[in-house]
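Here you go, one structure.
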Amino acid sequence: MDKLNLDQHISRQFNADLEELKTQLLEMGGLVEQQTINAVKAITTPDSDLAERVLVTEEEVDARELKLDENCTLVLARRQPAASDLRMVLSVARITRDLERMGDEAHKVAKMAIHLNEHGEAPRGYVELRHIGTIVHQMVISALDAFARFDVDLAISVAQEDKKVDQEYKSAMRELATYMMEDPRSISRVLNIIWALRALERIGDHAANIAEHVIYLVKGLDVRHQSLQEMERQVKEQ
Amino acid sequence: MEAIVDQTAKVDPMNKVNTELSKENPEAHDLSGLETVGIPFTDTAKMSMRDVNVFYADKQAIFDVSLDIGQNEVLAMIGPSGCGKSTFLRCLNRMNDTIDICSVQGSLKLEGQDIYDPKLDVVPLRARVGMVFQKPNPFPKSIYDNVAYGPRIHGLVNRRTDLDEIVETSLQKAGLWKEVRDRLHSPGTGLSGGQQQRLCIARTIAVSPEVILMDEPCSALDPIATAKIEELIAELSENFTIAIVTHSMQQAARVSHRTAYFHLGKLVEVNETEKVFTNPDHKLTEAYITGRFG
Amino acid sequence: MTPSPKTPNTMDVVNKNLAKRYRKEKMFRFYGIASISFGLLCLLFLFTDIIGKGHSAFFQTYVKLPVVMSADALGITDVNDPHQIAGGNYQGVLKQALRERFPEVTDRRGKRALYGIVSNGAGYELRALVENNPDILNTSLDVWVLADDDIDTYVKSRSSREGAYTGRFTEQQISWIESLIESGNVEERFNTTFFTAGDSREPEQAGIRGAMMGSLFTLLVTLALSFPIGVAAAVYLEEYAKKNKFTDFIEVNINNLAAVPSIIFGLLGLAIFINFFEMPRSIPLVGGFVLTLMTLPTIIISSRAAIKAVPPSIREAAMGIGASKMQVILHHVLPLAMPGMLTGAIIGMAQALGETAPLLMIGMVAFIVDVPSGITDPSTVLPVQIFLWADSPERAFVERTSAAIMVLLGFLVVMNALAVWLRKRLERRW
């Protein structure tokens, strides 16, 4: 994967600009990744302070989104990038949006953690939450790694992971639904868990989106809205 | 868009190229085994060139270029200075004939007819394949005479009214009529640079060519004049087949249907323009359009 | 500006050298001014000398004599016979008039000196008078007649600082002239003879018309031959000829020919046109041929330069819409190169106008009195005429020489002005 050597432009400033975009994005990704794991921890530990920290970080993530968007716009306006550079800037812009959404979802999870701490713990669902949280966290890390290393294979594996998350989420739903039918008094508390699970599932989706953007960045293929098999076939063919 | 005829040309370029080329410096690559990647051929070819080699005395300027220009297509040719794109363009209507030391080998056909056939008269060829040059070069005559010159020398019209009509429609097609209709008999050199270039385009289309070759038509113009010419190229492609050499990659991206990338006299890649500018097949193309060397 | 430790240092050095630099520049400019002044000074000297010497040639001294137009004395018996009128003894009548004006002269030598007061061509003026108006026969009238060149010179130099030029005059002759002047019978008039007459042994009757016409015919022949040939050669060499050793050889030779001394062309013309083709000597046709040989290199070189200067973009534009080679040349290259070619041609013509040496070789140095009326009449040309007059011993030819030089310079100025005008007129911007 040596096609993306972003550092050989005649204009060194252009190299620096692109490098800066990449660094900023990875920093923002690091924040979001931390948010995700902290939000899950805040519920499972439970730890309201940690949840509060996630809420605070969310503002930082939003600020970084604005900054990255601005930088992308500037690069587009100044350099009229083409080919890999263009894909780089576009991917950064798209991944930024996904990261920001992930931050929002993590924010929701953190809110649920505070809620659960204030109104009593849910009787069930923590195992599932921890389990899905771990998978999703790993997905986020992998997606960011895939971006950092322009690793298509890793990106595909992230997309595959997303299927697993979806299945885990469905089975957790079924189980919690059954539980709520058994014990209607716990509905409001279990619902909080369900919201949190839902948010984690969404984070997984966004991580999968990031993986797709990485594939676009490296291969120039737009693999959105396609089945996993189709995606893999196209990537191999390229 | 043109159907893709020759898929065999696409011999897994990425892997091939990646093994051939070292990463560090794209300019230092050995291009000896290079084959054109992408889709150089179409099945609606207006002009088809096969294995074209051009020499200036002993020095070879073009190496085995094979390329089709489709009917009503806008084909952009890009590449670093001295890559042979202008030389190749000038072969297409034998403008290189004027250079004694220049010799052209290979097959160059306009609708199946060999344009380098010794029996072929170059004058009607140039009427069929017109050319617009880098620097606006109107004749030091009136606007009217500039446009009327081609029809006159080819004897296309007999009556003055017919000539008037050709002049008017040509200027209209070139988007210049409204600006100059009140001063048709003032000198063409008195127009602004952009207007002069459009006058040159009008002069070219006045002889109703089938193909228009443009050699960096906007390099001497300001952005607004450039935008007008680009707009004009889009309109002209409805009636004409256009091959344009440009140094502005954005321009190639804006106006062309297909883009050909030349490097050191070789045709490296031909692809749909969108493809070239978002995800080129060849590493050299990528390096050029992203500004890694030039 | 923030002063870095180095800046003041550098500035000091710069300032130190500044005065020296200015001085050098002043010197440099001074050299230019000095050479231009020197050139101007020489020119000024030349002009003052020529004009100072030559301006008086435009005036001619006339003497008034009371003449009795006696038909008997003229030897005319039939007034209506033009032959008789043309053959009349007008000079005799003039001599008679002179004898009557100065009755004190009786001896033969004195009389001959007396007759020298009027030009020996003065009789023709009387004849013209009679031919115009035969009624004046047998009447007595005052006539202004052309004075002899010595008288002319004396009268013109009377008021000069060096004193009057007396030359071979005797006291007696001077007293006659003074008495004529005192009685108001001597007058200076504009010298029309100078512009209407051909050459003559007598300065007062000599004119440059013959030489002017000779120059004109010679130049016409030269222009008619050298311009088309030169332009055609230039077009071929620039547009058609392949660049190879042979064309290089031709080019070198053309450039060399432009530097060949003109007398060589004269020898060539003598050998080819006169000895081989046996053409007559002294005629403008042969002179034109020779000058054509001489001006061709100039015209070819300047035409080639003019053709080269046509922007290639115009050529390409014409070819790009399918003009053939000839159309490109005729419609675009030649019209654009025309000002340059014409300038070259006119400069070449001006050169030819001033050329003497080659014409000496083909006999255009002969003494020819008749004004030529065609390219095959023997004639001379202006510069040769100047050369001839400068060689003549008569004092009055000195001023005529200068006057002829002025006329020649006038022609050159006019031709160069024409070149500038044509260039301005035909030049188009692109």
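The letters A, B and C name the chains in turn, as written, and every chain counts its residues from 1.
Here, contacts are C-beta pairs under 8 Å (C-beta built on N, C-alpha and C of every residue); 3 or more make two chains touch, one makes a residue touch a chain.
Not measured: the values here are computed from a predicted model.
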Overall pattern in which the protein chains touch one another (line/ring/star/complete/other): line
Nearest-to-centre chain - CA centroid comparison: B
Inter-chain centre distance, chain A versus chain B - centres from mean C-alpha coordinates, in Å: 47
Chain centre separation (chain A, chain C; CA means) in Å: 101
Chain B-chain C separation of Cα centroids, rounded to whole Å: 61
List of chain A residues in touch with chain B within their complex: 2-3, 5, 8-11, 14, 79-87, 219-221, 238
List of chain B residues in touch with chain C within their complex: 93, 95, 98, 100, 123-127, 130-133, 135, 137-140, 149-150, 153-154, 189, 200, 203-204, 206-207
Contacting residues of chain C [partner chain B, same complex]: 242-243, 311, 313-324, 327, 331-332, 336, 428-430
Complex contact set, residues of chain B against chain A: 14, 18, 23, 26, 249-250, 253, 276-280, 283, 285-287, 289-294
